[in-house]
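To keep things simple, chains are lettered A, B, C and D as they appear, and every chain counts its residues starting from 1.
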Amino acid sequence: MQKRNATVAVIGAGDYIGAEIAKKFAAEGFAVFAGRRNGEKLAPLVKEVEAFGGTIFGRSLDARKEEEITAFLADADKHAPLEICIFNVGANVNFPILETTERVFRKVWEMACYAGFLAGREAARLMLPRGRGNIFFTGATASLRGGIGFAAFASAKFGLRAVAQAAARELWPKNIHVAHLIIDAGVDTQWVRELIKQREGQAAVENLDPNRLMPPASVAEAYWELYRQPRTAWVFEQEIRPFGEKW
Amino acid sequence: MQKRNATVAVIGAGDYIGAEIAKKFAAEGFAVFAGRRNGEKLAPLVKEVEAFGGTIFGRSLDARKEEEITAFLADADKHAPLEICIFNVGANVNFPILETTERVFRKVWEMACYAGFLAGREAARLMLPRGRGNIFFTGATASLRGGIGFAAFASAKFGLRAVAQAAARELWPKNIHVAHLIIDAGVDTQWVRELIKQREGQAAVENLDPNRLMPPASVAEAYWELYRQPRTAWVFEQEIRPFGEKW
Amino acid sequence: MQKRNATVAVIGAGDYIGAEIAKKFAAEGFAVFAGRRNGEKLAPLVKEVEAFGGTIFGRSLDARKEEEITAFLADADKHAPLEICIFNVGANVNFPILETTERVFRKVWEMACYAGFLAGREAARLMLPRGRGNIFFTGATASLRGGIGFAAFASAKFGLRAVAQAAARELWPKNIHVAHLIIDAGVDTQWVRELIKQREGQAAVENLDPNRLMPPASVAEAYWELYRQPRTAWVFEQEIRPFGEKW
Amino acid sequence: MQKRNATVAVIGAGDYIGAEIAKKFAAEGFAVFAGRRNGEKLAPLVKEVEAFGGTIFGRSLDARKEEEITAFLADADKHAPLEICIFNVGANVNFPILETTERVFRKVWEMACYAGFLAGREAARLMLPRGRGNIFFTGATASLRGGIGFAAFASAKFGLRAVAQAAARELWPKNIHVAHLIIDAGVDTQWVRELIKQREGQAAVENLDPNRLMPPASVAEAYWELYRQPRTAWVFEQEIRPFGEKW
């Protein structure tokens, strides 16, 4: 692996998608700064990346705090120029409208939208003087559709998409690739398998069609391809789903 | 005018659109509860409505406060059953992404999205037991497009649209008409005329094409027609613009 | 009923939606020119309209023939100025892609898209010199979604929507209201009831939830409201569905 | 270059995008079947591809003729299994609605929509028995927007998009990747440069910002990346544009 003098910041480096993104970009030679609420949970990821010779720094990060985002990205940029910032914080909840408390509504927005705005803005601040960079946001089905029970989550995801659009229109001409990657499928995580079990029973999980859920590594690959696009033909938004998904 | 035993709550009863909505529904016999940040500014509207025999109550209302929304709507509903709740708070600002402060981003969201969620939820809570009602949200061009400089405003308006969608899908089958009215045009207000003056000069305002800006009363009419739709053919969303508008 | 010196042309005046449109506008005092493939089938409609004092002319019309469209509209316009042209030809078919013959694909397009283009263009030709008029197109769920089996139908409906958009952008500033009304629901027709029977059984039809299907008269009402919109706040597109519909 | 036992059919192999697609896939070891109206114009492309050791067959092909499409694809499939079919026929015209003749409307549809349907269907027929394949369609700004003067072109492009959607929903679960690539920009062709010259003058062309137009090779690269996507995360649609493009 040839090391690069460049960092990738992963904000929302959870056990699945975030971890795969970190591994992919580390394997491509980037120094990865991985942030999540409880940084201690990053230990296995750090170990795995270091085992194959990658460079990674795991940090505790409350992405809803402006000063934490700023410090996290400044830190990454001090190590080596921040080449890519990926915002991947999720906050998927479902409640009937009457049971959606103001606390839930606000918290989901702070995690899935406001934090993304902060991350995008601060990444842009570091990238603009160099005239290059990439800012990517993870979207979901709820980025485009306010389904029943998703007032809080869809509202935050719609809002994040608007941030991405406004940033893209402003920053693309300055050579910063802003993109919004919509995952229109269930991702293969413990949480999704648990949901399937609750809804469809234990057998449904055990006999799960291997093509039904999206492997987290596929999301990492999609980000990698977005990164590799020549600026003569950038994509702002794309939806990915497994070949067997209904849409 | 025949008085009805029903109230209309207008949240965000500003001098233009909100005032026209209040006058229209008062003229149709509804008791109107009009709320805006500074309730004293409602005096001319109250006077005008009362002059033609309409019933109206003007209230100071910080729509970002859960308890104020709840009290305002409960109050309206106590007067007579809440038939329609119209959320019309605006918060149109434009800043380059780097100059969009966290304070602005949060405040715009609280005004244009979070307050709308609260209003919709609390209106639904009052309407559901009666199995009827109407909850309408005012949208803008920025509800569908995150243009340059609109990270804050578009994010909030996208978010509000998601709330409206989720609420509509849940509440329509319970006979509550949730709709989202997108105004894809400049509305004829002092503020918009000032913008035109700043951008295009005094002459541009003086010679303003009478068809260029949308009269606020047209928005009120559009809401009236949404209200009158039979439930056999409800509209969730429509964009209105003057015939000469480019889109 | 006060008669107006104005005609409404209904192209695709079938037994349900088209007939209701004809009755509605005739009841509002317009002279209605109703065209359908086999004009003889219009006899009951003509009788019904004349019974309440309305003015209606039923014609055989192959809307896929340029000269027939031209003659039909010229004829209407000779009777009295053509105020509204409504294109309502349907051609809903569903075939797996491999079984969609070139003949079906072409025919569906000719009926649902090409004929609509001809109707819109020829109506505009008559309306432009007078600087006023209305051209409305009936859309469907398939105007926005290419579902499985709908390669032919959705392709034609997407195409019709594009015609409507291009015409609206060109003709609105010339005071001609072009609009596209999307019916996102099953309409209560013999054909739809037959489909339900085939798919869900006889009992499903007999116990049909009265709110499930859209009454054709609701579509006529929606057109009437589009017609009544002031040009300060025109709508180009709206989707209508019954309150109980899933979307 | 390692040769593959697989063919790529390029329908609409014009001098720019089509030619670059052909070169790219030939360089990747595919046998390319390139079809365009006047096959003799393919001589330089064939020469260029053969010069670098690629395999290519140039054919005269009227894509609007069912039997020609069928024969062309069967021919390709006989040489080696048809792995990818790319439909790239353009037909960009602009006329005011009144000047859009029925002949133009029909011809543009036959070229840009109907031919695409035939290509997609016949490619699917060859691919389905093998349970694998890729069918890609080239879209344009007019695939999503019916701008003034584009009644014919947008109608055809909207229609093509619907075909692609219906085909994708039916064929993805059968392991055939159907995708729609929207080029939302001017492509650097002689024709586009001529348009710029006409509209903006000779100087505009001579001093053309090198980032303004999309290089045709970028479209070929985008198709290549679509082809390489794992089926766990397929993209149906994406819009590409140069980083400096306004949207």
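Methods note: contacts are C-beta pairs under 8 Å (C-beta built on N, C-alpha and C of every residue); 3 or more make two chains touch, one makes a residue touch a chain.
Predicted, not measured: the structure shown is a model, and the values here were computed from it.
Looking at subunit C and subunit D, no chain is in contact with each of them. Of all chains, the one whose mean C-alpha position sits at the greatest distance from that of subunit D is B.
The chain pair from B-C, A-B or A-D that repeats the C-D interface, sharing more than half of its contact pairs by residue number, is A-B.
The two sequence copies subunit B and subunit C touch through a face in which the numbers common to both exceed half of the numbers used overall. Averaged Cα coordinates give subunit B a centre that lies 32 Å from the centre of subunit C.
The centroid of the Cα atoms in subunit B and the matching centroid in subunit D are 45 Å apart.
The set of subunit B residues that touch two or more partner chains comprises 169.
If each chain is drawn as a node and touching chains are joined, the picture is one closed loop, every chain linked to exactly two others. Touching subunit A in their complex are the following residues of subunit D: 169, 172-173, 175, 177, 211, 214-215, 218-219, 221-222, 225, 228-247.
Residues of subunit D touching subunit C in their complex: 66, 96-98, 100, 102, 105-106, 109, 113-114, 117-118, 120-121, 124-125, 128, 142, 145-152, 154-171.
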